[in-house]
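Report on one structure; see the data block that follows.
Which chain is which? They are A, B, C, D, E and F, in the order written, and residues in each are numbered from 1.
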Amino acid sequence: MRPSGRSVDQLRDVRITRHFTMHAEGSVLVEFGNTKVICTASVETSVPPFLRGKGKGWVTAEYGMLPRSTGSRMIREAAKGKQQGRTVEISRLIGRSLRAAVDLTALGENTINIDCDVIQADGGTRTASITGACVALVDAIEWLKKNGKVKGEPLKHMIAAVSVGMYKGTAVTDLDYAEDSEAETDLNVIMTASGGYVEIQGTAEAEPFTPDELNAMLALAQKAVGELAQIQKAALEA
Amino acid sequence: MRPSGRSVDQLRDVRITRHFTMHAEGSVLVEFGNTKVICTASVETSVPPFLRGKGKGWVTAEYGMLPRSTGSRMIREAAKGKQQGRTVEISRLIGRSLRAAVDLTALGENTINIDCDVIQADGGTRTASITGACVALVDAIEWLKKNGKVKGEPLKHMIAAVSVGMYKGTAVTDLDYAEDSEAETDLNVIMTASGGYVEIQGTAEAEPFTPDELNAMLALAQKAVGELAQIQKAALEA
Amino acid sequence: MRPSGRSVDQLRDVRITRHFTMHAEGSVLVEFGNTKVICTASVETSVPPFLRGKGKGWVTAEYGMLPRSTGSRMIREAAKGKQQGRTVEISRLIGRSLRAAVDLTALGENTINIDCDVIQADGGTRTASITGACVALVDAIEWLKKNGKVKGEPLKHMIAAVSVGMYKGTAVTDLDYAEDSEAETDLNVIMTASGGYVEIQGTAEAEPFTPDELNAMLALAQKAVGELAQIQKAALEA
Amino acid sequence: MRPSGRSVDQLRDVRITRHFTMHAEGSVLVEFGNTKVICTASVETSVPPFLRGKGKGWVTAEYGMLPRSTGSRMIREAAKGKQQGRTVEISRLIGRSLRAAVDLTALGENTINIDCDVIQADGGTRTASITGACVALVDAIEWLKKNGKVKGEPLKHMIAAVSVGMYKGTAVTDLDYAEDSEAETDLNVIMTASGGYVEIQGTAEAEPFTPDELNAMLALAQKAVGELAQIQKAALEA
Amino acid sequence: MRPSGRSVDQLRDVRITRHFTMHAEGSVLVEFGNTKVICTASVETSVPPFLRGKGKGWVTAEYGMLPRSTGSRMIREAAKGKQQGRTVEISRLIGRSLRAAVDLTALGENTINIDCDVIQADGGTRTASITGACVALVDAIEWLKKNGKVKGEPLKHMIAAVSVGMYKGTAVTDLDYAEDSEAETDLNVIMTASGGYVEIQGTAEAEPFTPDELNAMLALAQKAVGELAQIQKAALEA
Amino acid sequence: MRPSGRSVDQLRDVRITRHFTMHAEGSVLVEFGNTKVICTASVETSVPPFLRGKGKGWVTAEYGMLPRSTGSRMIREAAKGKQQGRTVEISRLIGRSLRAAVDLTALGENTINIDCDVIQADGGTRTASITGACVALVDAIEWLKKNGKVKGEPLKHMIAAVSVGMYKGTAVTDLDYAEDSEAETDLNVIMTASGGYVEIQGTAEAEPFTPDELNAMLALAQKAVGELAQIQKAALEA
């Protein structure tokens, strides 16, 4: 039934490549099928003004798409001088989700800047970003520890994210662009590896969705995030 | 247990005043306790370029806060030349939610611009905005019908919104600022009067939330939106 | 002769409601007939960089119109990223006028930010703004005194403002939109309660105006500001 | 009494040099003492969108200061990406004043863009700008006539402008920077050559000004504008 | 002598990977050692307003760096709302150079947008960008031909680019970051495969350079561009 | 052969007027024929943040054109809120070139801001700007010395600039607009008075240029810069 031939609860091929670029403390290429995002985690050994002197750290994120990561070229936001609302919204979502993974007090007065840059888009860029960025975040935290900038353990949970949705009346996992553009409902679920919800965002594209549909989608998300957590773990142990 | 003394499933006093200002086709002052928002719906008998000639209409929304609607004065976004990310995110949520209430084909090549301007904030400004804006939207649609710009019925559903959350371990309805700033989880639920989900957005502020907590919050939201729908109906019949 | 049936020297119904919103140190709803403006005065116990360490305070103002405060919806300046020239010009006028009401040395190193947000426009929004803002300013100054931030008396004068103009060859007081859009000359007069000029701004819309016309308009302004000063006084004593 | 040794009603040396630059249809260097402004009038044989098809023309103006036209270097507005409020306010004043000089219907669907760029500032830049720009405007109108773009006579009046003020308790004409920075009141008066008021803008810098002071300043302005009109006339006949 | 151990006339390993991303008509990953740039060529079957109806096409380019493509994270230009001067300068250089490769009349009313996004920087990003972009341009032109949008041959020359410089008194080819940051002179040379100059840009970083030094650098550039042209050719034949 | 009747190696009439405006520490009007640029050098006795405490100074430049300095009026960049790419590119070129003239350590913690504002353009504005700005820079350095802000000699070289190009197949010196708009190649050469290259920028407008053509153009530049250096010297001795 799915354009890709996948079963309803099947993720696309997910690949996580660490040390993808050489300068960042954490650098990951994450691929969910044809969706490819470079996630870097950059360490700064200071905090923004609103946190100075409070003994706490900060994690923030920015998201972008290369102009031709999509089927038709998008205007370059830097040249236009303005980010699209969608870009701002996703940047905030990524930052909020990753802060939930970190004990900011244990991080000390350090900042981790996450950059998620989509080089090829085929649906699910925000969930791929979060899943890849969490791995980059771990590498950046390890860097902080190895360099003696942090003593305790700032990582509280691993988090991963997946989009689920109602497609032709059925709940399905990890929508690609072909599905996403026709889905009735799109639900982004960000969870911890142990199954707690960090953020859920569901939107009815045409008709409202029912409690039963919500439950069916959430069940798929639980399964998928479990699998993503395994892939993250394997990447970090490689 | 609640700072306001409300029971866990109790909304604040909700008031909807139609015809609040004189120029807009729909103009509503909505109050959820001390949260007060002016919601206007402005009709334009044309559509944005991307829809021209397609026989469909458009609904869009913008949200703003007066600089001193909050405890400490915020910078005026117009003077700064840039909207905050939060403003952009809420504007998009309101627009998306209200489009779900409307049959854009039945609307014809007309645009309804929703403006939600918070004059006093005490938590829940986005859910109050959506609840009030839907009433302003109905008045604007009526204006279009009376003036012969629309023939069929563009209104598919009434929608209303409420924030629910986990506060000191308990699910509660319609958080005010005192609760919101201490809540563990904040969930905004936008529903149709008949109980379908239009949008849900939940964020774990500190610890992840569990499926049981999610269900408890959703149950409160169902009850609250039912009550809000009654208040909307009464306002429209007044 | 006037569309509203008023006599040439008659103000519209003017109402000043203090404590209109709950967060600001001074908060006033001012109404000149159908023109309605929320004026807030926000205290900051510091000064801008150019005044630091000089023992003087500052008063500044920003003006805005809700997008649908007018007959046809205006673009939201915050979304556009730029204020209109008219907005900038009026903000500067309000700030300059209110600074004339205050002894900045007596104010000490405190700043009062005035925000004038028009929720409904029917002509004369800048003069209504100044008249209402002066009352909000007084409340903010009282707050500073009660909270021990200021010792002397920073208020030098009460100020009020009115627009007068030449309409169909006759000088008239307090033009509403119907008159303003057809007036030959529009003169905004800001005065102290005791009759001194703080600012005058007159513009010939079509033909130049004569010294006699100027004198006739100024005489009306003198009378009107006297009445406005009474209304301000009554509001402050209520 | 005046720092410059001038009598109270004495203008600085005023010089108007036409054809100052070679590309513009009207190009004037105007000097009021050490204040020097290049005023150009550029013809466009079309009108802005809001006037298309109405058979009327448009006159608009922009004002700017070279960064080091003043005692301390100002930030370049183009580099900062934003004009100061003062710049916006003066641009609007110049445009409004010059439109009062022109019969826009006789101008036909043509636009005249006035640019006033201050190359050296010593007080009174806005009044020098208007005085010089009116001469550039006349040259541009002549160009339109010679080139057959305009048939009737778009010029209704010559206009000129002067600043007058209260300096050490005395009304004085054409304040230079040394006076302006200490004046109690600053009044900019824009008049027709025949003595009608086009715009007056007066600001009390410290204490309010009285009706008598206003009259004294207006009398000086009448005299000064008469002299400026002679200088304009001589320049146009040269 | 060179930090990398290369001989003075030795390029870094240069790799050109076509079809690097899936959406663009031309998509190339170009690597000059550790410098890695994604170059895409996007076809639009229309031209900018200033060329409409003239029977000519257009080629334009935009350059960007991912925030953490460099040793320390740079501010994201899209978030800041402004491109750096360096970004603007390089975008213009790339566009100008590639237009020299194309017969715009033969291109017809089509536009090719080049995007060069640096994912890892180690010196020479602008020259790598041009070298890679020319290959992407060829693929886009082939796409236009295959899809019948273009009849003749818009490609006039292949172009390639290299940076040469004076490093410790010796002319060297293809400076990496370690050399570039210490070079006395940096010269970017853009040439056709047949040895004509398209653009040269040389800057003395510390002391002026002599005609002999210029000649030595140009000789190295001639040799290097010959080698780059071979690598481009091989990539296009692969 | 040249539209102006000049010989191939002939500069236009070049005039350098010092002390052109009264406020700047260095102020020059430079004229290359009809191209006229006001170059000011403004001293600030501090440095930008990135240089604080390093004992070094800074030289930076900004370039602008008055809107009607050209044949058709350009949009005012300050009003648009954005500088054109060309403006940014030229500003950077001027700053880079002038820094090459100065020993920044000898300058101490002082900044010299160069502003080049074109009041009339007829080709070669950037080379005229550099030539004039170097004279203004010398005057500013003299000011610093006279005022005891600098002890040693910050001036390393005088620099001057000229554009040369291939016009109808022949190398020519100092292109005016009529030539520049038809030239096959345009080469801007910035040199020291003693003949060292500071910056060269050559662009093939249509066909690539050959090494022989490059040499011919460079020879003309050498001669022209020698003459410009004499004119600068004479101006400084006047």
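Following the convention adopted for this analysis, a residue touches a chain if its C-beta (ideal position, glycine included) is under 8 Å from a C-beta of that chain, and two chains touch if they have at least 3 such contacts.
All figures in this text were calculated on a predicted structure; none of them were measured in a lab.
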item	value
Number of steps on the shortest touching-chain route linking subunit B and subunit D	2
Third chains touching both subunit F and subunit B	none
Angular offset of subunit D relative to subunit E [C-alpha, multiple of 5 degrees]	120
Chain whose Cα centroid lies at the greatest distance from that of subunit E	C
Approximate Å spacing (C-alpha centroids) for the pair subunit C, subunit D	27
Distance from the mean Cα position of subunit C to that of subunit B, given in whole angstrom	33
Distance between the centres, which are taken as Cα means, of subunit F and subunit A, whole angstrom	50
Contacts with 2+ other chains: residues of subunit B	81-82, 91
Going from subunit E towards subunit F, every chain in order around the ring	E, F, D, C, B, A
Subunit B residues touching subunit C - in the complex, by the definition given at the top	21-24, 27, 34, 36, 38, 40, 42, 44, 62, 64, 66-71, 73, 76-79, 81-83, 87, 91, 113, 115, 117, 119-121
Complex contact set, residues of subunit C against subunit D	85-86, 88-89, 91-92, 96, 100, 157, 191-192, 196-204, 207-211, 214, 218
